[in-house]
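Common to both upcoming complexes is subunit A, partnered first by subunit B, then by subunit C.
Moving on to the complex of A and B:
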């Protein structure tokens, strides 16, 4: 599994090259700053620095870009925790518990948790990559539409879990989200629900809609509040509490390991990556928890589950990129572009002939994960100052930044207009007690589920029995049913125990 | 809100859920008018039907129970008016971006947002929006590859 000779050469390569190291901290800082800006995605941050790598050697260039990737991966969780703004779809689940923690004055702890979970997630996924890069890539090739549809349905099941106390409202919100996610032209060429608006041909712009639903709607609700954290005592920015929050991560090793595994595996699947892995990991953490009702109200496990999964997706997507030359998303596509700029073609041949460079990239990412811990702590300390700003300043400024971010994604007024429409929808729905997060998850998964179901349907020629020829898909569905059955049984036992205590 | 005979109807909640269900129904009709093929309706039709069934459940809940009998207090009304003013200001900001330029729209919105939030110092109301707008416009112009119309900057 590990080519020890190549690993030795990789260590020598890194030890003998100062260039390979001097770009790590600048890369992490650039990634953190850009990742924390609403609307600037990981891939956009990498695209902005890509031209600068033209004049670097190949290895330092790739290490610089992966540093930006690692930094931006965590940077997105800072606005998710502090302002309920998921900078990218991979930080959606971080908002579920991170933001309630921040509102309760636990912003230091929430950011510390997110940082340590992210660092450990990156580290874990690269360890998996170091040991299993080849088998993991081969496994990815076996994931077809049936398996993807099964994974997406697993994600959909979690929609019910976001319903809070009223299941009907949760499912209604999720259904509305799925319907919004299917607007536009589907992969079979049918055009629905566009109301003759050409901007909707490709569907509703996801990121502006998501920011509108989660963040802008919340900001409207805060107009009558003076500070993000009401208690002056809790508004303190404390390095000690950030570190204490980080240490809290170690109290939930199962959540951390499960999140990292889900992130690495799902992240390796092209086109899915971290946007679904954080949701799956969150759903699994909630399902497995004894204190299920506290999820969505500031449970630290929710933050750990989401952050460990979205950061470990980086290692997964790097496996597909390095071993197969297939970019799983925008960020790995830019890495492949950097390969091309240096006249290197990624893929199986590169992997075979330059295993020392592949190992050097992986080993450098171990160091990046450790350095992120220190650079990230300083960044988080500065970013936390936002809780001390009066909301009368913060609300219009954040709304403006979100508007400009939406413009930056779409390149037209369609982004800001979408942001406004979904901000109003989110505000109305959250005022009426609907879980807006369920709309967001439906919106994210709606198109994915439809696309994969359609591909599976087309491959099967309309015969549902074809699924029997895909044991992995059946396995995923059986595992899902089993886990749901176990949690239903545990819930029943818990209720019975409560009833007995009540009778006693 | 309380109706005669002890029946409570949450009119606001009922209107919202009915409007959303109405949109789902309109979307289903639109999709069915495009094609009745399975490849068009595979996910959309069952989801829309489930949404309509859930509408009935939620609407029934809106008619049966009411959480408060008393109307909102004066302070509540003032708070709601502030929220509505912020929503309206944000809407005006978005729809004026292309008409009066991103810079002027941004400065006016930040000023309005400060006012709605309770800021009354004239110097802050004038200077803060101007400085913030200049920084935001110049920063995004350096970062964003697309041009956006401005009037002054």
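Moving on to the complex of A and C:
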């Protein structure tokens, strides 16, 4: 499957060109900074630098853009860990365990974990891409509405009760999220709940809503605290502890590999991408774990699961873009635009005729993953200085940044207005003991489930028996029931064992 | 409603001002150092789409012929409705022009999203790019011609699943084709996709048996689909072999009505043209010169972008024809 001649000339292409290298580190840094700003998503960071690539050669331009892609993919995790604000929608699940770790004084470790899991995720997905670009793309093309709906329902069931002490409150919060997610025009062209506000035609803007919900509920809760990290001696920034955290990643190889697989596959599915893959991977890690209760309270595995999946989505979406010419999401749409600006039509023909360039892009991404490790360590080291900042300065700064970021998305007041409304909602809900994270999950997954279910229904012409023609979807549902059954059984056995010990 | 009323009152005001200016051309010329500020190209889509690429590619040439810097601004959302509303609220000073898929997006936003402007509030300067709806299927599907698809649909409308975007020119074309053949659309299995990309993926991946979607996006993956019918009256670039709806309709004996998939290019507001005819003339001339600039033609051709100069008259005619056809069949649009 690897064309060795082409791989050889790809190496020559990269080795012989300084241009192909000088843009990597600036790209990573731009990505890190923009990704870390709440409100600026991966694709926005790339869109911002797209016009500049017009003046570069083709290969350096693409390498520059993929560097921004890689950098932004991780950048979003830094505020997710330190402040419970996902810098991009792909870092939502990172907040679930990353932030509790930071509050417990393990911010160094959490950031190190996130960084190493991200680098390995990028590396893993590009290795898959290097070996299996065509089969992966073909597989993804077969994922139709039935299969996608089944996957999304799986994620929803596993995450429904997330973070809440009471199941009913968790489900209620998830239901609210799903309802909010249905505002706007649905895939069949029906307008719902827009209240004649044109800004709501595309639905509630997800990123400001998410930042409002997660950040505000946290920040208001911190009003009486002086520092993010309570204990003085934990408030240090230590390179040694960041590295130690990074090493911890290797202790959970299964979570890492599973996350990367989920990320590569879900990231490759057009229209789904990294904002869903991190949630699914987190849900799976939580389900498979023996110590399920520690998730959401600072379990390192949660961070690994989320980060490996969101960064490996990059390789997945590159596979669909390179092999099929389909942009799976915003980021690859920008890359295809960059292709077009350089008189190159992305797609199967490009890949057949320019295998060396495709390999050069992939190889350069290997190098980017390694370089991210170093650039990222430096970035994380500087960024974690905010734990030393008294909260009375930090909270207003974060709120201003979040407002600016949400304004930047559309350049209109719709973003800040959404942020404000959802901040109030988030604060009300969290003070009443409802898990806001479940609202975010409902918001992100609800829309996907609705769209895919509707298409499945249309495809079946209203005949439920049609699902029998889609064995993969049935397989996913059966697997889901089986794994839920096994977990329930294990849970029961463990509780019985605990009872026995208690009695003994 | 308030917005609408404001627009009207301002238009009357500006028309009056325009009249005054015409009465005293010397004064106008005295202050008329137009253009004296940078020109903004407003693209009502996100970065990276056809319109965005077109705007950015032509910007340097427009800059040369306009004599002022040209910047591109994206304002996506609500299927261009947010960008359209924003544009109509700008002053008519000739420092902002849109690059837009005016047809079908402007009429569609009016017909399906209750936008509070009218199709002829906009004035086309040049619409060089035309995209046509293509009826296509994946190469592993058993259809080789459009006649086979129609014959099977006539036997059983439920036997074929069809992918299409709701509220789109593609849906109007689908409806007209089915109406022509007397096939009951409500009994068909129509699967809706919110965007041309997803509809194309579904067609190519064989999730649906056939798809009605803009042909241009299929070009990079031409080998993976079988084009069956093009909704155009002349050969479509890249799909020269594909039968045309005009011939198909003639053979089947129904009216060969269809709408253009996309008509893209430079758009201004009608009130700007009426209120500041001199500025409009300067702007249109700069766009014409940029479009015809040989260097620009080479650059744009290389990026697979259209460069033909049709001019305002032909462009408006094409746009309004497609808008009125869509209005005529607006009831077809409302039921996906």
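We take it that the second predicted complex is superposed on the first by the 500 of 504 C-alpha atoms of A that agree within 3 Å, B and C clash if a C-alpha of one lies under 4 Å from a C-alpha of the other, contacts with A are read in each partner's own complex, and residues count from 1 in each chain.
The criterion applied here is as follows: a residue touches a chain if its C-beta (ideal position, glycine included) is under 8 Å from a C-beta of that chain, and two chains touch if they have at least 3 such contacts.
Keep in mind that what you see is a predicted model, and the values were worked out from it rather than measured.
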**Request:** Name the contact category of A:423: first (subunit B only), second (subunit C only), both, or neither.
**Result:** first
**Request:** May I ask you to decide whether A:224 touches subunit B, subunit C, both, or neither, giving the answer as first, second, both or neither?
**Result:** first
**Request:** Considering only touches as defined above, state whether A:348 meets subunit B (first), subunit C (second), both or neither.
**Result:** second
**Message:** Going by the contact rule set out at the top, does A:289 touch subunit B (first), subunit C (second), both, or neither?
**Reply:** neither
**Request:** In the overlay, answer first, second, both or neither for which of subunit B and subunit C A:461 touches.
**Result:** second
**Touched partner set for A:411, first subunit B, second subunit C, both or neither** = both
**Message:** Between subunit B and subunit C, whom does A:306 touch in the aligned arrangement: first, second, both, or neither?
**Reply:** neither
**Request:** Would you check which partner chain A:198 touches, where first means subunit B only, second means subunit C only, and both and neither mean what they say?
**Result:** second
**Request:** In the overlay, answer first, second, both or neither for which of subunit B and subunit C A:393 touches.
**Result:** first
**Overlapping contact positions on subunit A, where the subunit C interface meets the subunit B interface** = 186, 188, 190-191, 411-412, 454, 458
**Message:** For the complex, give me every residue of subunit B touching subunit A.
**Reply:** 12-13, 16-17, 20, 24, 27, 30-31, 34-35, 37-40, 42-44, 47-48, 50-51, 54-55, 57-58, 61, 79, 82-83, 86-87, 90-91, 93-95, 97-98, 106, 109-110, 112-114, 116-119, 128, 132, 136, 140, 143-146, 148
**Message:** Per the contact definition, I'd like the list of subunit A residues that touch subunit B in the complex.
**Reply:** 40, 48, 168-169, 171-172, 175-176, 178-179, 182-183, 186, 188, 190-193, 216, 220-221, 223-224, 390-393, 395-397, 399-401, 403-404, 407-408, 411-413, 416-417, 419-420, 423-424, 427-429, 432-433, 446, 449-450, 453-454, 457-458, 462
**Request:** Show which residues of subunit A lie in contact with subunit C when the two form their complex.
**Result:** 47, 50-51, 54, 141-145, 185-191, 196, 198-199, 201-202, 270-271, 324-327, 330, 333-334, 336-337, 340-341, 343, 345-350, 410-412, 451, 454-455, 458-461
**Message:** Looking at the complex, which residues from subunit C come into contact with subunit A?
**Reply:** 46-49, 52-53, 56-57, 72, 74-79, 81-82, 85, 112-115, 158, 161, 166-167, 189-194, 197-198, 200-202, 204-205, 207-208, 219-221, 223-224, 302-304, 336
